[in-house]
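Two complexes are shown next, each including chain A; its partner changes from chain B in the first to chain C in the second.
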Partner chain A sequence: MNNYILSKKTVVNDFATFYSFLIGLFIAIFIGSVILLIQDQNPINIFSLMIKLSVGSINSLSSSLNKAIPLILAGLGISIMNSVKLWNIGAEGQIFLGAIAVNLIYINTEIYNSTLFIIVLLISGFIGGSICILLPAITKVFFGVNEIITTLLTNYIIIGLTVYLVNGPWKDPKSLNFPAAAYVGDEVYLPTINGKLSSGFLICILFTIGAYYLKEKSVFGYEMRIAGGSAMTALYAGINAKQKTFYAMLFGGGFAGLAGAIELLSQTHRVSIGISQGFGYTAIIVAAITGMRPLGIFLVGCLFGALTIGGTVIQTIGVSSYIADIIQATTLIGALVSQFFFTYQIKEVKNG
Partner chain B sequence: MADIQLMGLLNATLQAATLLFIAALGELITEKSGILNLGVEGMISVGAVTGFMTAINTENLFLSILVGVLSASIFSSIHAFVTVILKQDQTVSGLILTILGLALSSLLGKKYVGKKLMIKIESIIDIAEPSNVFEVLLNQNFIFYLAILLMITTSFVLKKTMFGRRLEAVGEDSRASDSMGLKINKTQFIATCVGGAFAGLSGVYLTLSYVPYWTDNMTSGRGWICLALVIFGGWKPYRTAIGALLFGFLEALVPRLQTYGFELSPYLVKIAPYIITIIVLIILTVYKEGKTGAPGNIGRPFFRENR
Partner chain C sequence: MNKKILSTQNITKTFGQIKALDNVDFHLYRGKIHGLLGENGAGKSSLMNVLSGIYQPEKGSIYINNQKQNSLNPDLASKLGIGMVHQEFRLVESFSIKDNLTLSKANIYIKDFEEAFNKYSKIFSLSANHDSLVSELSVGEKQKIEIMKLIFNNNKIMLLDEPTAVLTPQETNQLKISLETLSKEDEKTIVFITHKLKEIKEFTETIFVMKNGQMVAKDLKTKSVKDEELVTLMMGEVTKSAIKKDNKKGETKLKVENISLAKNVIGFNNLDGINLSIKAGEVLGIAGVSGNGQVELANIISGIYKNFEGKIIIKGQDVSEKGVKARKKLNLSYIPENRLGVGLAPGVSILDNSVVKEYFNASYGPHLSTKKMVNYLNLLVKEFSIKTAEPKAEISTLSGGNMQKLLMGRELISSPEIIIAAQPTRGLDVSAVEALHELIISQRNKGSAIMLISEDLDELFKLSDRLIVLYEGKIIKEFNINEANTNNVGLAMAGVIE
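On to the complex of A and B.
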């Protein structure tokens, strides 16, 4: 009798992740087309409209890249945390706390120099994100509490806090039906590059390079990988695994917090429940789909930003914007499926 | 008067708890086999919308429940396929299930927003203002009693039957179970789909009884509470039920706080369940030196290396 077993391939194609992503995207477009056909829509028309209105002009391209900023930054944070083999499901909450921290500093500080102040605000956003992951980090490092669950639960605590703030202490009487905090003054708006594209995108590029260097080239990145790989190896190498884990988590949270700060200072200009529309969760898809590679996160982040904008614009002609969500999710499913064939082989074993 | 208020609170608690408990119990079964499914929110949503659509179109209650349960179960088989057969990351796959489930159900339910149901799951005896515990119990519908039955059955199956023991063995140590000749893939696949079916039942309860209408994102984070509940309950059905009652109580309490004259902000009370869960999780981890009752193999894919 012949048995089939799975084993990991010893040599995996260098571009496996990239090919998997392309195959996944292809599958997703196919499934998206089927769904559109069922709804009596012409997929070619819809998709070309989506492309035209998301990257067809400088203006729309700028909106797409603006949407990419939180995805990329939060994705980078997730990828840094993954260096120590931990999952950050809490990027959504970290984005919110980043924005809350910015507003907290803003309403309690006198402004002397707005450029300097903007930098201070961005740093407070980063710190806000780090604070958001502080409890999961402490409980992980000292007690070994599962970080997937704690970061996830923190999301709901922070979003609850946001709802409380914008309905209570921070409620702007002028925002009638939509609970929100007061707008920040335009002296702290992030400057735009061409009147539309936020300079936050430049920060994004900077942080992508930074994250790449941190993960792949720096001693800290190397130590993180060892700390995440095996506790024993780390011990022999004299690496304080707990410390690396702790820092990796704070960095991860900080990146997402910065995303919240940029979102507040360049897009929404006020704290409300609309600071993040599930960016933290989409960022997980972005990070996972690229195999946690910073440069990949940057590119896929831009693509997904465009998809989100594309999804929003087709709403105006009566097509559900959820088609964009479905394409994003099925791309990852397709990528996971094809990743399987790149990393595993099915072996035939003769028994008896 | 006070009695009626108190009974109203109890009534709402039981309803909210039923919804949370069924899906949590399903997740418990899935996790016992060593598969973590973060897609509860998506599965509940799929069950909720398909059940609701069937109810509007056929006005057949039994069929609606069946469709809701089955479609959520089929939907969860995506997770089973990706994680059990293809051994891919469970965290990622589960999250996709949530995102995909919410998007799909919004897409499917678009035409059904605001439609009025002609049928709903009726209480055993409909009592507008129950005044004692007995009346509150009668005021529940059959899914409440089904949930109790499922709790007893699940606990019995897990502890006393071969299937349950095997399920636990697979989740605890799949390598050892494999050498004992247990079918790892089959067990995990079934457990994941059962979890999906339970979540579907929760979804049906949501749209056909708890809030009899359909709107986007109406699961509003309940799926995540279910995940928390499993941890809260230490992977034990009865303790999970106690957790569900506690969380249901808090959900029922929030809109009533002001009538009781509390100054506490309802928005802050809503956060309480999550804080309590984190505290319980920390206490469980510290107190039992890392043994929270979690299946040993949870989250880790199993495949036979070359033998």
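On to the complex of A and C.
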């Protein structure tokens, strides 16, 4: 009698993740089309409209890329944390706390050089994100508390804090009862490239390269990989696994916090509950689809930004914007399933 | 009169290419205490797992109460009265004693639970109340509950897999009395598995010995059998090696002074006043059944464990307070017993794993050079003829032998002055073992001081210049290699010193 077992492939295909992403995307477009057909819409028309209105002009392309910034930054944070095999579900909260930190520093300090001020505020955002994950990091390192639970729950605390701030101490009297903090002055707006695209996108490119270097080319990244692979091996190699875990978590939170800062300084210009539209959660999808590769996160982040814009614009012709969400989620499922077939093979085992 | 309650014929069970059980004949007498002796991996636990229906043998037959059982499963085995206490307890920690004892639907004391519990508490001298949670009990008490569970489930045949491994000497004595009472008063048939000679002589009435999956002796009367005879049966004959031991010894490289480790955490074995030293060009073999402190000793010398008493001196420097990296810098290499999990990180690439020892040599400040890493891996692959997949593939895609070659190559390529090698060839095929032995000898000839921890006497006799036997955390005996033989080493491993 012969048995069949699953075994890991010995040959690694560098493009496996990319192929599985394409397969996932294909499946997602197919399912999206079926849903559109059920609604008596022509999928080809709808999709070409989405493409046209999201990347068809410099203007729309800029909007798409602006939407991609928080997805990419938070996704990179998730990917860094995953080097030690941890999941950051708290990017959403970290985005909010990043923005809150920016506003806190903004209303309490006065720096007359606006470039310097902007840099200080961006750093505050990064630190804000790190502070947001501080408690999960401490409980993880010292007591082994599951970070998935703690980072997720921190989101609710931070969003609660945001609601409190914009309805209470920070409430802008001029906002006509809309719960929001006062606008920041235009001296700290992030400059734009050709009028629309935020210079945050350049920061994004910089941080993508930085995250790639940190993960793949640095001693720290190596130590994170070993610590994530086996705590005992880290101990054996003289690597302080707890320290690496701690820093990886703070970095992860910081990246998402920076996303919040950029959102505030280039898009919303004030703290409100609308700082993030679920970017922290979508970033998890982006990071997972790409197998946690920084470059992939950058590309898929851009695509998902465009999808979000595309979803918004088709609302105007009466198609639900949720079609974009459906495509994002199905791409993830499709990609993960096909990744499985790229990394495993079915082997025949002879008995006896 | 002796009545057979259970017997097996020609039981064969294979795992992959390894024959765990090879035509095993075995039998049990009603109401007797049987000893089953053998080294680790001799097949004792596999046989017990077959009898309790967990493993299905490929060949052979099992008779219980003279009835042939064709398809034994755990449920059926339990109905037929066979119960087993595994080395790892199977209790629900968050349940009370009572809930654990009455968990199975097979339990026979439902209405008269209190009465039965009081009776058996006395037999086991268990002082805990039956409402206490199992998680609050000591290891010894948990084991009592495990054995009581068999009684409550009406198991007439009780298979106890190394029950004394977790017990203190006092608890062991207590267990002996309890088991004797059970066999006399309740006519329980008991199988007592161990590799400790002293215990098998004290506990049992008749002894079975296994080696390499075979039953090498059956039904030896405990009263009349000699220790030497049991050791020879258990260990087999050891071939004397052809490797010359007359190489030059140099100065002392490693000195261990009065190392002690208290047994305070579960899962750790204690060490008690260990003193040893190894010279350049010398192989010191550490013999002993696993779990007698070998892993702890190796981890203390390499710097992984920090909470110990005593001194570690490497090349004249006291490094007791120093960490792993400082000891590596003094040219110490450690090949841990646990290949995948300690020596190599699972889920991480072959390339990453190949530089665990010296990754800082591939770095410029915070930058890690992939090129240097790849060169290093290629060097290892060439030097130690490792059959490897792509560098980026996961380490687990390598075969066991190649994994071990990569690990040993990584630790040996820089010609370390001190080498701690724990079970370097366990579970590998003959050709891999031979290659790794040659590596160790060539390191010895280059002047390394080598500590070789092994359970394989062949290997120890072949490679060592001197032998130390660890038993329950102590050096129970030291041998020069030409005065060591299976008998005296085997007896020392079993805790017997004449």
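Just so we're on the same page, the second predicted complex is superposed on the first by the 340 of 352 C-alpha atoms of A that agree within 3 Å, B and C clash if a C-alpha of one lies under 4 Å from a C-alpha of the other, contacts with A are read in each partner's own complex, and residues count from 1 in each chain.
The working rule: a contact is a pair of C-beta atoms (placed from the backbone, for glycine too) under 8 Å apart; a residue touches a chain by one contact, two chains touch by 3 or more.
Note that this is a predicted model, so its numbers are computed, not measured.
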Discussion item. Going by the contact rule set out at the top, does A:Y189 touch chain B (first), chain C (second), both, or neither?
Written reply: neither
Discussion item. According to the stated criteria, A:A237 is in contact with first (chain B), second (chain C), both, or neither; which is it?
Written reply: second
Item to complete: Name the contact category of A:Y19: first (chain B only), second (chain C only), both, or neither.
Response: neither
Item to complete: Please determine whether it is chain B or chain C that touches the greater number of chain A residues.
Response: B
Item to complete: Check whether A:F342 is in contact with chain B, with chain C, with both or with neither, and answer first, second, both or neither.
Response: neither
Discussion item. For A:F117, using the defined touch cut-off, is the partner it touches chain B, chain C, both, or neither? Pick first, second, both or neither.
Written reply: neither
Worksheet item: Touching A:G229 in the superposition: chain B (first), chain C (second), both, neither?
Response: second
Response to the item:
Both partners, chain B and chain C, contact chain A at residues 8
Practice prompt. Please name which positions on chain A make contact with chain C in the complex.
Written response: 8-12, 14, 85, 216-222, 225-226, 228-230, 232-238, 352
Item to complete: Quick one: which bits of chain A touch chain B in the complex? Just the residue numbers, please.
Response: 5-8, 35, 87, 89, 135, 139, 143-146, 148-150, 152-157, 160-161, 163-164, 167-168, 278, 281-282, 284-285, 288, 320, 322-323, 325-326, 328-330, 332-333, 336-337, 339-340, 344, 347, 349
Worksheet item: Can you list the chain B residues touching chain A in their complex?
Response: 36, 38, 78, 82, 86-89, 91-93, 95-96, 98-100, 102-104, 106-107, 110, 221, 224, 227-228, 231, 265, 267-268, 270-271, 274-275, 277-278, 281-282, 285-286, 290, 294, 299, 303-307
Worksheet entry | In the complex, chain C residues that touch chain A | 14, 58, 302-304, 323-325, 328, 334, 336, 338, 341-348, 352, 355-357, 359-360, 363, 365-368, 370, 389-390, 392-394, 396-397
